[in-house]
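Each structure below is given as structure tokens.
Each of the next two complexes has chain A plus one other chain: chain B in the first, chain C in the second.
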Partner chain A sequence: MSAVAPPRPSRTRTRLVASVVCVVVVVAFWSVDINWARLGNLPSEIVRYLWLMFSAPDWSKLGEALYQTWRSVEMAWVGTVFGIIIATPLSFLAAKGFGPPPVQAALRGVFAVIRAVPEIIIAIIILSVTGLTPLTGALALAVGGIGTLGKWGFESIDGVPRGPIEAVRAAGGSTSQVLRWGVWPSASPEFLSFWLYRFEINVRASAVLGLIGVGGIGDMLTSYTQYRQWGVVGMLLIVVVIVTIALDAISGAIRRRITEGAPVHDLER
Partner chain B sequence: MTVPEPAFALAPERKKAASATPPPRPAGRWKPWLAFGVIAVITAVTLSPQVGIAFSFDAIVRNWQNGAAKIVQLLQPDWSFFPRTIPPMLETLEMAVIATAVSTVIALPLSLWAARLTNPNWVGRGLVRVILNVVRAVPELLYAAILVAMVGVGALPGILALVLFNVGIIVKLVSEAIESNDAGPLEAGRAAGGTQAQINRAVALPDVWPSFVNQVLYVLELNVRSGTVLGLVGAGGIGLLIDAVRTYFRYDQLSVIILEVLVVVILLELVSSAIRKRLV
Partner chain C sequence: MTQHTAEVGAVAPASAPWSIRMRDVSVRYPNGVVALKSISMDIEPGEMVSVVGLSGSGKSSLIRTINGLVPITSGQLTVGGHSLAEAKGRELRRLRGEVGMIFQGFNLAGRTSVLNNVLVGRLAHTPTWRTLLGLHTAADKQIAFDALERVGILAKAWDRASSLSGGQQQRVAIARALSQEPHLVLADEPVASLDPPTAHAVMRDLRRINTELGITVLTNLHLVDLAREYGTRLIGLRAGEVVYDGSVDDATDAVFEEIYGRSIRAEDVLDR
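Then we have the complex of A and B:
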């Protein structure tokens, strides 16, 4: 007696999706304007440039590099603080049950639009008012931050348990008292942790903003790339990597402390 | 003779309640204020004119006329410019697709290599992780700026910059997803006598597939978004056009580009979130 194997699940759809993806990729490769012949000697070129950059990093410009890094980090910090100050009230208004529904929908739309525009384009728009100064960079990061901070903010307020809010309302609390005693205690760890996360994002973005000339480490990096002083470029890359990883580590440690609570020690005491 | 009862004895309970001290306030209430103080001090330093970024209202007020004119221009998009934006926008999309495809191929084996469950050898694992952490610390636009100086202007440096950045992100997120998976099936594979490669192929890969596709979609979104600005440093795509119109201060044309980028990014986000819902 031969047992009949169950029919294989239909894979038509998987195959269809896979072939569509393949076609898109092939079309992209086929139509993009690249001199593929250049790809052949690319590996040796890259090794040559890596050697130029990192065999003898030029440490004589380290002082200026650190100063420019400080300017970048300042931009990131000010951008984060301004972003928080503007975005937090807006995220309360955009949360369910606090703002009027039309305002809610409009704010959520504004957040989505801001998130779709890269910070560097925001900076290009702002610089017609503030000129090529670090302030432009900070303001661009603040505006860009409204998009992400606002979204994360209303999402975490929506996720707050309703019980405490109702309790405060029942006790006769005003809206601001509801926010302070019903929402903030359960939402604050999330808020603090995504504020820090946004700072990490801003540190990276502030280096990028230097490219349009608002100052900071990105500005210095593009200048020396254009002068083709590869020793200095290598040193700058090392500085960027170390500073970014260090700030990420500090902010990550604080975030873990906030979301996971204090380490437990001295249980006997 | 009846002794009059003292009035205060009528409510002993209430008296006790009134004199009872409330429980002590939890200690450490100064901590938030300390944190707030530290933040305020840092902010003040970064805003001060000597060492900081010199926040000045004067400049803003002085340039307001100029800026307002630009914003008005921004609000009147020059639609006749639209046909010229299509080829560079297509190039941006092509770059994003190619970079996503290439980095997918590179990142899949590397993510298996960077997770503890699928690579018990800690030396190789640590090496991959450290290198990728370093690679990830530099934003893609800085890579693009350097690569343009290396290999010349065009889409190629843009794609390379995106690939460098993407591999870092995909490997990090996917290897974390592998680590959070159940180790049981992998142990079963080992008990059945499979080599690590066989286990990874037969057990780990089907497990991580949904999260892998998820991250690839996420990276595609990121690529379109950052692909629009890579051209600012000469790395191809619509950014080249952004750079051109901004040097001539044609903000009416800039607004056409921004609107186009907006539409493309939001459409892509809708499509990929629809796909993601099917996956999960």
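Then we have the complex of A and C:
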């Protein structure tokens, strides 16, 4: 027996795509005006600034730093809560079989558009209305949260088992009752997990939002970078990293506990 | 509830059982598949009916038209004196609240308690705001506990539904239907996911609902011996049409072969 290989599928498309990618990379390098001489200094510059920041962190401003960190976390928290309150009903409407199809499509579009815009841009837009206050940051994070929470929410509802939904409907349940007793018991662990994850994202994003001056640790970081007080900047970075890692760890532990399920007698509703 | 003929000498039921009247009922799905072709039948209050047919014969569609989960395309369907073709929205939900349904896959919300699952049966009988907040009344909870007691798993009330075995889950589903205080119970292949001893236990529960509470019970089955043992009347469906309607006592193997359109095989009986 000698096997006859089936004809190989055409590879022109693959080759075409590969060559286009190569050309784009080459043109990009060539057109971006890179100062290769300065690039050579980069490693030594990095080392110099790291030394400036971390050789002698200035702990005298620690109290202020912790207060501003607290403000950032507050901003993140308020933003998360607002985001949840708005996104959750919207994600129900955007899920298959609960809202009118045009509303469903429109909401999914809105979520996608919001996700395409970084929180800092949203903050700059909101800024013109609410001014340079932490509320601006919280609102920006809330709007940004609608994009992600809305999408995760309707995807999770779409993936919920249909059986309990049919059972609630057969027992005479209305749409809201179907959502409460047919969907929510299955979807709630995922929702809680999304909410915590979004809080983690917001903690990090709130520091970035400080760049435009809405307050919090990011604001302080920008100021002291401009004052070139590298010791304070170093201390601030240490605080930011420790706080972020700590919150991530706590929230991550809670999320694992939620998704892996609780012991039999410990019910979440 | 208009046309109740005095019924069956059963233990005084909580509510009078319902009849089902079908006249030329057809169901065509949006994708063009015709599931039911001009079906006419009368099921009297308090009957225990087995509906048999191969998968795809339309028995699932038949049972779902009776509580309006599948809308009828043409014909007339009256359940307990209420016309289903006209019922919409609130009226349809109220009707469904009077009809219990049991599914092949149990359809429990696995991540919540057995009690919460049984209380789903009270949704149509409770103000919406209460159900959304989970503020069940003591009376509703008592109905749920009584229903669990009737199927013998009251002790599991606080357990997670997913922690129960298949047979126990189906009993929870029966308790859910019972807590509706239904006039009619529909069961769609209730034992197809269970092992033979459990299947018999669940079928006995269904029969007790019929004999002790007097509730009309309609059960979809594909197994010949179960249909014979637990029904008093047999309706055979093939390709969306009624090909047999009569007493189970007259349903010989030849009748089943006629319904199935082929000879009876080992897979058509539960106890081989």
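Here, the second predicted complex is superposed on the first by the 242 of 269 C-alpha atoms of A that agree within 3 Å, B and C clash if a C-alpha of one lies under 4 Å from a C-alpha of the other, contacts with A are read in each partner's own complex, and residues count from 1 in each chain.
Basically, a residue touches a chain if its C-beta (ideal position, glycine included) is under 8 Å from a C-beta of that chain, and two chains touch if they have at least 3 such contacts.
Just so it is clear, the structure is predicted and the values come from calculations on it, not from any experiment.
Trainee: On the A-aligned overlay, A:Y49 touches which partner chain: chain B = first, chain C = second, or both, or neither?
Mentor: Touch status of A:Y49: first partner only.
Trainee: Name the contact category of A:W77: first (chain B only), second (chain C only), both, or neither.
Mentor: Only chain B; A:W77 stays clear of chain C.
Trainee: Please indicate which partner A:I34 is in contact with in the superposed arrangement: first for chain B, second for chain C, both, or neither.
Mentor: Touch status of A:I34: first partner only.
Trainee: Examine A:R8 and indicate which partner it touches, taking first as chain B and second as chain C; both and neither are also allowed.
Mentor: neither
Trainee: In the superposed arrangement, which partner chain does A:L135 touch: chain B (first), chain C (second), both, or neither?
Mentor: The answer is first: A:L135 touches chain B but not chain C.
Trainee: Between chain B (first) and chain C (second), which, if any, makes contact with A:I245: first, second, both or neither?
Mentor: So A:I245 only meets chain B here.
Trainee: Under the stated touch criterion, name the partner, chain B or chain C, that contacts more residues in chain A.
Mentor: Residues of chain A touched, chain B against chain C: more for B.
Trainee: Pick one for A:L221: touches chain B only (first), chain C only (second), both, or neither.
Mentor: The answer is first: A:L221 touches chain B but not chain C.
Trainee: With both complexes superposed on chain A, which partner does A:A116 reach: first (chain B), second (chain C), both or neither?
Mentor: The answer is first: A:A116 touches chain B but not chain C.
Trainee: State the interface residues of chain C toward chain A in the complex, per the touch definition above.
Mentor: The contact residues of chain C facing chain A are 67, 69, 93-101, 103, 105-113, 116, 119-121, 123-124, 128, 131-132, 134, 158-160, 163, 173, 176-177, 180.
Trainee: Mind listing the chain B positions that touch chain A in their complex?
Mentor: Residue positions touching the partner: 39, 42-43, 46-47, 51-56, 59-60, 63-64, 66-67, 70-71, 74, 90-91, 93-95, 97-98, 101, 133-134, 137-139, 141-142, 145-146, 149-152, 154-156, 159, 225-226, 228-229, 232-233, 242, 246, 249, 251, 254, 258, 261-262, 265-266, 269.
Trainee: Mind pulling up the chain A residues that touch chain B in the complex?
Mentor: Touching chain B from chain A are residues 24-25, 28-29, 31-35, 38-39, 42, 45-46, 49, 70-71, 74-75, 77-78, 81, 112-113, 116-118, 120-121, 124-125, 128-131, 133-135, 137-138, 204-205, 207-208, 211-212, 218, 221-222, 225-226, 228, 233, 237, 240-241, 244-245, 248.
Trainee: Which stretch or stretches of chain A touch chain C in the complex?
Mentor: By the definition above, chain A touches chain C via 163-164, 166-174, 176-177, 180-182, 185-186, 188-189, 261, 264-265, 267-269.
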